[in-house]
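Below: one structure, written as structure tokens.
In order of appearance the chains are A, B, C, D, E, F, G and H, and numbering begins at 1 in each one.
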Amino acid sequence: MKLAERMSSYEDMVGPGITACSGCNVELSMRTALQILGPNTIVAVPPGCMGGVQSVGWADKTGMKIPVFFPLLDNTASMLSGIKKYYERIGRDVNVVAFAGDGASVDAGFQALSGAAERGDNIIYICYDNEGYMNTGFQRSSSTSLGSWTSTTPVGDASHGKSSHKKDMPMIMAMHDIAYMATASPAYMPDLIRKIEKAKTIKDGLVYIHIYNSCTTGWGYPSEKSIDIVRKGVKSRFMPIYEVDHGKFKLNVDIKDPIPLMDYLSSMKKYKHLSEQQIEELQKYVDDKWKNLKTLCEVMG
Amino acid sequence: MTKTEFICAVGKELNIINTGDWKMYPVVIDQEKCVKCSMCFQYCPTKSVKYVDGTYFINPDFCKGCGVCIEECRSNAIDFVKGE
Amino acid sequence: MKEIRIHGRGGQGAVTTSEIIVYAAVEDGKYGACFPYFGFEKKGGPVSAFVRIDENKIREKNQVYNPNCVMVIDPTLLSSVDVFVGAKEESILVINTKSIEDIEIPENITKVAYVDANAASMDIFGRLLPNTIVLGAFVKATNWVSFDKVSEKTQAIWGPKNIEALEYGYNNVVIVDVNGGVNRD
Amino acid sequence: MSKKQVLNGNHAAAIGALLAKPDVVAAYPITPQTPLVEYFSQYVADGVMDSTIVEPESEHSAMSVLTGASLAGARTFTATSSQGLSLMFEPYFRASTMRLPIVMNIVNREMISPQTVWGGPQDSLTVRDAGWLQIYVEDNQEILDMNIQAFKIAEHKDVLLPINICYDGFYLSHMTEGVEVPDQEDVANFIPPYKPTHVKLDPETPMAVDPLTPGDYLQYYRELHMEAMDNAKKVIKEVNDEFAAKFGRDYFGLVEPYKMEDAEYVLVTLGSLTGSARIAVDLAREKGVKVGLVKIRCLRPFPKDEIVELLRDRKAIGVIDRNVSFGWHTGIVYQEIKSATSTLEAVPTIPFVGGLGGEDLTTDLMSEAIEKVLEVADNGSIENKAYWLINTKGR
Amino acid sequence: MSKKQVLNGNHAAAIGALLAKPDVVAAYPITPQTPLVEYFSQYVADGVMDSTIVEPESEHSAMSVLTGASLAGARTFTATSSQGLSLMFEPYFRASTMRLPIVMNIVNREMISPQTVWGGPQDSLTVRDAGWLQIYVEDNQEILDMNIQAFKIAEHKDVLLPINICYDGFYLSHMTEGVEVPDQEDVANFIPPYKPTHVKLDPETPMAVDPLTPGDYLQYYRELHMEAMDNAKKVIKEVNDEFAAKFGRDYFGLVEPYKMEDAEYVLVTLGSLTGSARIAVDLAREKGVKVGLVKIRCLRPFPKDEIVELLRDRKAIGVIDRNVSFGWHTGIVYQEIKSATSTLEAVPTIPFVGGLGGEDLTTDLMSEAIEKVLEVADNGSIENKAYWLINTKGR
Amino acid sequence: MKLAERMSSYEDMVGPGITACSGCNVELSMRTALQILGPNTIVAVPPGCMGGVQSVGWADKTGMKIPVFFPLLDNTASMLSGIKKYYERIGRDVNVVAFAGDGASVDAGFQALSGAAERGDNIIYICYDNEGYMNTGFQRSSSTSLGSWTSTTPVGDASHGKSSHKKDMPMIMAMHDIAYMATASPAYMPDLIRKIEKAKTIKDGLVYIHIYNSCTTGWGYPSEKSIDIVRKGVKSRFMPIYEVDHGKFKLNVDIKDPIPLMDYLSSMKKYKHLSEQQIEELQKYVDDKWKNLKTLCEVMG
Amino acid sequence: MKEIRIHGRGGQGAVTTSEIIVYAAVEDGKYGACFPYFGFEKKGGPVSAFVRIDENKIREKNQVYNPNCVMVIDPTLLSSVDVFVGAKEESILVINTKSIEDIEIPENITKVAYVDANAASMDIFGRLLPNTIVLGAFVKATNWVSFDKVSEKTQAIWGPKNIEALEYGYNNVVIVDVNGGVNRD
Amino acid sequence: MTKTEFICAVGKELNIINTGDWKMYPVVIDQEKCVKCSMCFQYCPTKSVKYVDGTYFINPDFCKGCGVCIEECRSNAIDFVKGE
């Protein structure tokens, strides 16, 4: 079936108006993921932009057509484990899903997620990575990349943006030996859609999907560039698109001829102050990671 | 105190937020130019691009006017309608 | 005490505008206090901010329910927000609009100051940044804070282009008495 | 038909819960609660019990797992102590405001620093304002019985609040004594099944849990929460009476008076220390001193009315606290008792503190407390600061 | 030479702390505290301040980083709100029992559930028994001034306890007003450097911190902790007076009386709501009603003696709580006030509750409270349950 | 210098008598590590056996000759970050060290550790992995291996020991891109000693050393077999000894000819109930991990 | 009420021994309660446990400070622990030892029951597991709980070998009056 | 209350626990058999094997008698001294 037809056959589970910024590709990712996961789904949206934009609802109204709730910033995965275990116990097959920011996943809720991964709990954990705490105004997260301006790694005489590299969350989750790990990008929709569809079929452990998103408000670029930005992220190898299915690595989008990293970095404000040295460090990081990944895909594919 | 029918914070009815009035100008597809590549459909954050009977069109109700569809349409088939 | 309620949209600078007014009041030797209504609005959603100015220390720390002045930075808000609710008798409306013809102005408002800030903003900035223009209109229409101090702070926060905008608003605001009000200064 | 078993407190709690058949259990080991978790796991491994056990990586996750399970509709059970309780404090507080009837034993342990593992209810008392019901018990039989009653109280439609059964680490958790274990079927008849509708995550009945909520709604939910606390007072008494009728053991509901009819002097107690206080009361009575005892069982909700009734027109009172209220230089129960009795004519009331971090509160110390109460009743002095009960035995 | 700046509460706190020159700062962003962290980071980035900032992955780590830094000898500073405070509860409690003079602002925010981000001191009041000093302030000037005083109080050799400066989220954190900012040098002269010896991890003076400790020692440390709390009362007053003499602003130490000399009726307040209560008091006074106000500044230690003195021989009292005590069906401050005044002859005292989750406590509501106090003074009835102050303005 | 001479030149920093079980090789590991790290060291020993055996002290006495403290079970790394940052600030070079169990590291304190790793804080974190919570009586941890009996994964009609694999902590830490990661075994002392000596020299980020220990009391084997057991662990490839120095993988003990896994498994009680299937699963896990490791060492060495 | 204090080393089963005594007491129709002193001793360190037996419900939940009976499972403890502290007048010592000659027995102890449990244990188990032997001696020497019930529980927990040990202790214990005590039963 | 010189839980003097009395039998190296391979030295958990002037010997003070050195000595140079 044609993508548009297939997607049109899925209902949008999110209420029609949510207050995400105009052009937000996290909204796009969330709507798409939940559309595919469908009505037999319970979804957790922790504090963060997607919770803040009223996707959980307002006052005595709900924001979705499926059961949705706010976990704490720090316990998304464990709350989901509890839900899933009960449904398994009573013999009902329900998609138990997180749609959580990088702050909620890579920082404050990381331990809960790591614990669920180790136990092999059969939840679908989707992390939307916009590289910072956007809901509170763009502070650094462990997923913020080196050199990035954030309001807690500001630029000034004594500071030049974030001083450490982005935590390599996808690889760390892969090393948890979970059932299925994948990265995805809203710029590569068919791939993203396939991965969510795949996630639905996994019944023997934890699924972790890491979506490389961007943020018009925080990163500083015009709203219409929302897809272009993340596409550049992928094309520059900054956001590698791969999956690890029960231990087997596979590169899904092979970037044979990357665009210059600067094409990506210079398209937004948060990097506008980068020094030569920072750019080099970022380039080295990207090159090393890419090399490692390629190797893993070759040998463990 | 505002009373609800619930004893703790739950919500059952769907909350509708009128994000349609965020946009400055309506966004419209020029069906003549459209080559049905589905990019606008794939990338619209608010799922305002609909696909019905082989045709793509924009439902303005919740479209925020972000311009993503315009930017991503390689056939330049979409644009703001700025005229007064 | 003068109480002001500012209505705008997320990203339009309503909150900073309220802070500039307080800055000016304090520098003028008065007391001032302001705070935003904190919803969870992202870029584009309606926001509001509250300002108080007085000769004495301002003690209440609550929203402004009965403003002496309502400032509307984005005219499209009129359709979704009741910007006039609770306005005191004989209060002032400062609004970004081409014309007030189509606006239903309630009785309590006796003075309206308006300026086509959208159009002017396109001229000055090439995009929609109406807030300093409306701020200029406010300063002129109310005379509650000094133009110099407002301009000083505007310059510090937003730079010279905005001074141009501020001056534009100050100089081009149209002030009319309505509902039988008398323009008292 | 019940039968007598010889059980330590942790084992009694595990069996009590076992009889109530929780669906999902998640607990993280910590001294002195650990054996409870182990008994439980063994019962499940042996197929005696078919609860689903989740093994979390911390207490924070333990409470979070149960929050999720309860939201899905499960009957849930757990236990913790001291540092574990502190670590789960964020989801702990939230479980009550979400109105989830989770049953959690708190095996009371002193809070560090200093590094300690021994008994004392500082842990649960410090978090008494997080919206949970809290019941404190005196011996292993009461542990078992209250673990049964707990589900019925918490899940009652007029309550729907989580509940703590608090028992002293080591003094009860590791103390072995004879305990009557009721029959599974009798317990099943006693506790109705849990069928939540007030909040439930189920694709068949979609709802949002915890939308972003403005203050006017929030205030309404708070009011309902406090009302549920009020209702709990009634429900705890009813459940107590029903239990007494069915199983033959009466705990008197919120507070237990001991020799209070004609008492001129009163000791107020909480938890396992009540035992030696009872002995001291008996010894004093033998000497003709009209002393009685009020054992507080229910600390949340605070049984203000009952306490006012029991403490009215006495000559002097001593409150025995195995914990401190840092900012009051007394114990926490003392501070609450004073608050409750503020409408009574003021009588000398002594804030006794002792037995912290594994120190015994011996019968001798309880007798010392009674003597001190008599003394202040005579000289009318009113104490403001902790009077320490120091155990020098065995030194 | 001080100078006037126009600052919101978070900015005032950041500048207050900046003037005290903390060595190590670690904070995790949370609404409404976030801007404080951001101001701080920017000052450091700009080289205005040379604190070492650590960016933790959660509040639990924020407090843990500071605990470590303080143990190494650093002057430390942080801030949090609601869920963040709950998440760090375990290391929070421990910082006090380790006697580490950490300064932490709590930008008061209502506790979820329901999901909320708005103001209210439920967060800090719930953990009031964790051994920290807690000061509640009324406006931005007081935020700044108390952030300076805080270091001096906490690090005082007779105190050595961590301290919270608590201010209402949004009402103060996001409210902008004129604030006098003292001169860096004056502040430096005011606060002596921090040179810990009571506990310090340093290879040059090796010691064990927190060995496994039996109860008899633990009790001794608890006694010293409570004594330090007592000492803090004196020190807070002394530092207040010294500050007043040097900087010209007097906050009256533990509690601030307002129009209390001849007051027959009293409102007791805490935090930013005091402002509208003052106005209501003035309005009532204009009508000839002899009403006064007691603003509690220091909640831990609880200023029992001061409150007893101020509330003695009044006709009726109203306590305004922007929080609830679930188990008492009142507010928390009410419950504490009742405890403190239990030796006074009982007068009608009303537990007002309102302003939760971002609801305003307007001057009208404060006037309503005063009327209600007059009413019960007349009919002598004593309220037990929260009297809700509901804001219907703007509805 | 001869090993015995070199080691004799280092003073033992731990008090002479600590109450670890007779034969405990965690005691051996701790004494050895701290001996090498020496007097210019501050050490955290979180709750766990090594804290419980009074290495932090008793009442008003200390258990060590260097500054030592109990962090919480869940905040070892962040407390160390605070200490280190202050010493860096005042310009003193001090070894800031954790000696922490697997429970404190892989479970309750994992997030704090992950955060410190991402920030690149220069602490030396040694995890002694005895595959369970021994201090509280051997409950399962995330580091307990599949099939192992523990008191919370007991053996009975409905349960056959732990149902999920051991979390691969060394690899997860390596994927945090820390300065230096190494595994070690008390059976391979010169290697262990070299790694601690190396750790002392690292100044540009976090050091994580994972020591594969065993536990006579919990695992169920006679105390004198303490070294034999862990040697078998290494020789069967169950406990691979390698290091990752600034991203470079190196296998330090290449086991060309592994002993049968059963030789290891059958030497203790905790595995005595293992089924054929469990043994196969364990064998597969070991084989896969070894293969992956070898590859990484070849390609990223 | 009878109060017993048991001294052993970590791993020797002192705590379980105390529980067996309570089990027997309860089965005998009396009340019993016990709990261990919880230090942090691993295998080998000194441990103790406390037991109470009474006709009435046992209410105190504290250590036993004034035992009627002191049980010493490991004789080497005598050099490091004051096992006699607080012993009541006319109390009983039950001890694992070859001979009591070298033991300084304080005045309060008026009866001593001893058995060479180490030697017997090597015979029965081939290694050092003295506790059930000492338990047997205790049952015989005090007669506070019934041998049958002790044996029933010992069997359930530790199996048949230990019954042999229990019987050995019961049958081979040497009971002597000391300090002028009179062996009253 | 037991008083200490400290205001919070710290310890300065070294705590000495006599673990030497845990062992059933003393452990001794037979210097004749010893080939100085250092295994006992490397593996003794209590660091009771000392190396002085080229000779290994066991300091009994804190030796718990675990037997690791005995087990690991490939020359059978170490053993318990069980004789009475």
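A few notes on this one:
Note that contacts are C-beta pairs under 8 Å (C-beta built on N, C-alpha and C of every residue); 3 or more make two chains touch, one makes a residue touch a chain.
All figures in this text were calculated on a predicted structure; none of them were measured in a lab.
Graph distance from subunit A to subunit E, where chains that touch are one step apart, equals 1. Annotation of subunit C and subunit H: jointly contacted by E, touch as defined at the top. Each of D-F and B-C has its own count of C-beta contacts, and the greater count is at D-F. Put simply, the C-alpha centre of subunit B and that of subunit E have 48 angstrom between them. Between subunit A and subunit G the centroid-to-centroid distance comes to 64 Å (mean Cα coordinates, whole Å). Centres computed as Cα averages put subunit G at a distance of 32 Å from subunit H. Those residues of subunit F in touch with two or more other chains are numbered 19-20, 22, 24, 51-52, 54, 56-65, 70, 72, 74, 107-108, 110-111, 114-115, 118-119, 142.
In subunit E, the residues touching two or more other chains are 31, 55, 57-58, 83, 87, 90, 94, 97-98, 112-115, 117-118, 206-214, 216-219, 221, 223, 358, 388, 390. In subunit H, the positions touching at least two other chains are 1-2, 4, 6, 8-12, 15, 18-19, 22, 64.
Listed in rising order, the residues of subunit H touching subunit E in the complex are 1-4, 6-12, 15.
Within the complex formed with subunit F, the subunit D residues making contact are 28-31, 34-35, 37-38, 41-42, 44-47, 50, 53, 55, 57-58, 83, 87, 112, 115. Residues 97-99, 160, 198-199, 206-211, 213, 216-221, 223-224, 228 of subunit E are the ones that touch subunit H when the two sit in their complex. Those residues of subunit D that touch subunit A in the complex are listed here as 23-24, 26, 52, 54-58, 60-62, 64-74, 76, 90-91, 94, 201-203, 205-214, 217. Subunit F contributes residues 107-108, 110-111, 114-115, 117-120, 142, 163-165, 167-168, 171-172, 175-177, 247, 288, 292, 295-296, 299-300 to its touches with subunit A in the complex.
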